[in-house]
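Step one of this worksheet: look at the structure below.
Which chain is which? They are A, B, C and D, in the order written, and residues in each are numbered from 1.
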Amino acid sequence: MSASRHGSLIAGSVITGALVAVAVVSRLWTPGSPTRLAIADKLKAPLVHGLLGTDQLGRDVLSLLMVGAWNSLSIAVVAVALGAALGVALGLTAAARGGLVEALVMRAADVVFAVPPILSAMLLGAFLGTGPRTAVTAIATFMVPVFARLSVGAGRRVLARDFCLAARAAGKGQLAVTMQHVLPNIAPQIAVQVALQLGLAFLTEAGLSFLGFGLPPPAASWGRMLADAETYLGVAPWLAIAPGAAIALAVLGFNLIGDGLVDLLDPRER
Amino acid sequence: MSNRLVIGVLAGLALMAGQASAAKTTLVVGMNIEPAGLDPTVAAPVAVGQVTWQNVFEGLVALDRSGAIVPGLAESWTISPDGLVYTFKLRSGVAFHDGSPFDASVARFTLDRARGPQSLNPQKRFFSTIAAVEAPDATTLVVRLSQPTGNLLYWLAWPAAVMVSPTTADGDATHPVGTGPFRFVSWQKGDRVELARNGDYWNHATPIALETATFRFIADAQAEAAALKSGDVDAFPEFGAPELMASFKDDPRLVTVIGNTELKVVAGMNNAVKPFSDARVRRALMLAVDRQMVIDGAWSGYGTAIGSHYTPNDPGYVDLTGVYPHDVAKAKALLAEAGYPDGFAFTMKAPQMAYAMRSAEVLQAMFADIGVTMTIEPTEFPAKWVQDVFKGRTYAMTIVAHAEPMDIDIYARDPYYFNYADPAFAALMREVEATTDPTARATLYAAAQRKLAEDVPALYLFAMPKLGVWDRRLTGLWQNEPIPSNVLTDVRWSD
Amino acid sequence: MTAPLLAVAGLTRDYPLPSPPWRRLVHRAVDGVSFEVAAGSIFGIVGESGAGKSTLVRLLMALDRPTAGTVRFAGEDLFGLAPHDLRALRRDFQMVFQDPFGSLDPRQRVGRIVAEPLSVTGVRLSRAARRDRVVEMLEDVGLGAEALDRYPHAFSGGQRQRIALARALITRPKLVIADEPVSALDLSVQAQVINLILDLSARHGVSFVVVSHDLEVIECVADRVGVMHRGRLVEEGETAALFAAPRHPYTRQLFAAAPRFAP
Amino acid sequence: MGRLAFLVGRRVGSLMLTLVAVSALIFLVMDVLPGDPAAAMLGTSASEETLAALRHAMGLDLPLIVRYGRWIGGFLSGDLGTSLTYGVPVAGLIAERLAVTLPLAVLAMTLSVALALPLGVVAATRKGGLADRLATLFAQLSVAVPGFWVGLLLIAGLAVGLGLMPAGGFPGWNAGVCAALKALVLPTVALALPQAGVLTRVTRAAVLEVMDEDFVRTARAKGLTRRAALWHHVVPNALPPVITIAGLQFTFLIAGAVLIENVFALPGLGRLAFQALSQRDILVIGDVVLLLAALTIAVNFLIDLGYLVLDPRLRAATS
């Protein structure tokens, strides 16, 4: 194992740790108010008013960014947790049952996969209205097949191993074998996928908010900040920089952790 | 030197200039929103009229740039003293672009189509008091009403009342055929509509300067600005992004022309549900609002504060912004008096248009100052908004720009989404309908405005500006917008 | 005459092959196998890979359902039992796998692995009693209490097979089915494990079904032996007699192919 | 061969089943979407009676199953119905939009492969070196950066700032290939970047894996230069996984295109879906979503098929 591999895990952890820290701090303190309007101070450049300037309603961009970290993080975490839980449950059921159940789960995954996530999220947004619930549901919906497919494959490989047969020979039921043997053995692969999907969830949430299907105001959202910045590109181009960089950094952090985990766990798994 | 000589010399110079470099005869007009179909008699979106009204299609009457009713395909008309019979004298020698003639029978067809059982006309109610339409001869049209309808002439000037040919009406949505100065050439969906001069236009009094006119649909503010600066688009009569208006100031080739429109941005409340059923609560919210701050925050300072559902360019306008001016202390006191000393919480269904979302955000902050918590629920417009707010009336507060000119009567319509249902106001509106004298009507409208300003069935915020940006050499575009339109009849290049 | 501990009759298992519905193709992995195992004895099954041994083992363990035939254990028809009763009965027949690297969950400690069949088959014991029993079992197979809290990867192949045997014997079963119990081990270790099996069988009176492709192993451990070929049991008899005079042509061929030391 | 045909046939069957499920799901979603297309058309002043007349004219008053049958029947015969808002056949509408989205997707794919292939190969051959690190960094960053943000930055820098490129919009192919292509340059870059990151990583991994295989060592031992061995043996053998991933990324490419088309105001399929949704032009949404879903399924199927037909090992394993 080379130093650079550990490097990506460390770098990823540092970035993600910082993200989480900022998100948590934003619950307690922000340099300015992320909701209070100060129209007179609108569209001030960075350092002229606050570290990152003010937006079109005179709110402090840095504060908005910090609160946005919390909002994006909670949506991504909840969505991935839901998607992973449901997907792994479905996938492991399919792996254990096989036959028709497996075919159904795989086809259902195909069906969900066939519709580009942004489009299905838009449809869902039209159906549910916008808000955190929609964002979470939309993102979780396309996470489910990802985790289902992963755990069908990995679960079947684990189930085929003798210790699962041994457990069944000892008299364990399918549920017990799945929970006690299969799940712990595919956990590392799931962990890797969780890290990678968290990054994807951030990107998707940003995209949804950018299109107006994300959190409603005054909840700060990086994607919506970018959407707002788009109209002010000619007069306040700096507004477009910070939120985008924040998204990129957050995604980078999660991806680095995912890559680091792959490298860390791969040799023993293969 | 006599004046005559000066004029002669100038004319000569102009002629030479014209020979040296022939003035441009093509025009590209930018619009934010693409029309859904090109037949204003079957679809409501204002963009339909903005492309076709007075360009492709004409009505019996029209509005001029000041909003006054002027003759259109009817050169004159008389109204019976009881206000029940309108007799129009139609122009002769008018033909549709496909060559079929326009006469009284065509006009009768158009009006019967608009009011008939199969009608898809978005303003069908305009024609609801028409009892019969008769065409005694080719140039005479008699419209008989079941009750006096003071607004009939004004409504007949609207895009929804333009004249269509029986032979082509069904295809007008995709291939409009009208009597106007421009005929339809092509429509590249998602991009542009092209029109060309109608060589056989009936009105020889005003020569049409443009050979072709192209409407380009650009929804993105940056792209709009870039298209203007690069000259891809010659004019944006209704520029969509006020925040970028400042960026045109330095461009020597462009002028910015701020006019007014009929669009009233109002935050409607559900007057039938608590706490909005209490007028004191509505007044308190109105007192909490700093209209200028809304205009500054939502529309970069462009726009005119309004105190009622009426714009400064409507006849008989009264400035009522002073009835409930910004006063946080008074708002709190009123709220306490109404039984909400600690405020209350509610949800606003805000359509996802820039002006609405931004205004909502500003309102949210201002309501917070008096202890009222407003949650914003972005609501797709039109689909979801129409269903939830307009039809279902399952909402607390909403915000929308009312685009229809002179629609103060909506507060008397029952049901309407405000659930206002005030008998006194409804009586006022009935009186207006029954009155044809302009001065008397203006007095009645003033009373109606005052009633709304005091009852506050909706929070009256501002009238949208018409942000025009176009090439300095262009003349003839309308500065104000008495009705959403882009009339190209008088537009020409000045060099 | 006492009833046999294990009675297998006409056991058949077909696997469907991917095929169009109008022409069902199947692979018959086990074909009409019948034999009996008496209490306290060791029954050997020998055959080349692909002969259907593993499928047979799965059927014997009731991990798979047969297409036809029955398996009676202590008089009970395994495939006629209610799931709950089958689970309770499993206390009496356990299994040892070929690959000691694959048969122990790498993410569980040895103590938990060995104790697993206890809780599953409904043996109610206190924590301390359970621990004592596990330790006792580990000592029985030649390991010590220090193995309890270690993970399988800390052990050698032979040690792991001992752990597997401890797991199989913890419920004090009447029958253990061992599928190629030594083929994954080094030669020197093989003998140790074989001796352990013989020893355990003798000490606890446990019956074994030992499945192997290795004639020497079978000859060493089995009282009776059956020869499997293409899913069928082609020949069955006393080990000594069968090895001395194989009757079926396949058996002869098998014996001829295997390099053997003098008996 | 009969068995291969049978296996292929079975996959076609399951593909059809998936398509039917997708279409039924889409249609159901269309049906339960809140918002009345007729009301969206006629605005706020229309009476109930007028709305009913329009709903009847649009066939919205027919039973669900009849409408689904008509929709699918039409879809299969190439008649995608009539747009409720534009009043023109949806097929023509989609064709016009495909003329933007398809070139955009193809250009983006080409650009991302053109970037990723050399980067990945160089990174793999100089594993651990500076080039490898730079390529890996590029891959990591471009995957993490949202494409629509890149679009915004490009607009801010090159279009609004320097005025070198159009800030958005599409002049149409009639305006000349040059002008049209120019409008697609920035969107292509924004759309290609994340793809390039993914493909760089895949290429690097695939090349590394192939370099490890025996035949490459044999080729080197036979005296082929490192360069020749690389281009004649390694790269061709590393291509299939790269192409596979490129195909699997198709869904994400389309999803990205929806955003990018909105950033650059391009009249493409994604934007059409977006607009149709807000207008409740349900036939257009349904058609576009089904078309994209069918494309995705077809691409995945072709990859599957390619593997089945081309890979002797896989073929042996299945028969």
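Some points to look at:
Quick note on the criterion: a contact is a pair of C-beta atoms (placed from the backbone, for glycine too) under 8 Å apart; a residue touches a chain by one contact, two chains touch by 3 or more.
The structure displayed is predicted, hence computed values, not measured ones.
Set side by side, the interfaces A-B and A-D show unequal numbers of C-beta pairs in contact, with more at A-D. Farthest chain from subunit D (centres taken as the mean of C-alpha atoms): C. Spacing of subunit A relative to subunit B, judged by their CA centroids, is 45 angstrom. Between subunit A and subunit D, the centres computed from C-alpha atoms are 22 Å apart. Rounded to whole angstrom, the centroid-to-centroid distance between subunit B and subunit C, based on C-alpha atoms, equals 87 Å. Separating the centre of subunit B from that of subunit D, both taken as means of CA atoms, is a distance of 40 Å. Residues of subunit D in contact with at least two other chains: 33-35, 155, 160, 262-263, 277.
Listed for subunit B are residues 220, 222, 225, 352, 380, 383-384, each touching two or more other chains. The multi-chain contact residues of subunit A, meaning those touching 2 or more other chains, are 126, 230, 233-234. If you check the complex, the residues on subunit B that touch subunit D are 34, 36-37, 43-45, 117-125, 173-174, 188-192, 216, 218-220, 222-223, 225-227, 229-230, 232, 352, 380-384, 386-388, 390-391, 404.
Residues 33-37, 39-47, 49-50, 53-54, 57, 85-88, 93, 96-97, 155, 159-160, 163, 166-172, 174, 262-265, 267, 271-272, 275, 277-280 of subunit D touch subunit B in their complex. By the touch rule above, subunit A contacts subunit B in their complex via residues 35-37, 39, 42, 56-58, 126, 129-131, 212, 216-218, 230-235.
Within the complex formed with subunit C, the subunit A residues making contact are 161-163, 165-173, 176, 180-181, 184-185. Those residues of subunit C whose C-beta lies close enough to touch subunit A in the complex are 58, 61, 63, 83, 86-87, 90-91, 94-95, 97-99, 102-108, 116-117, 120-121, 164, 167.
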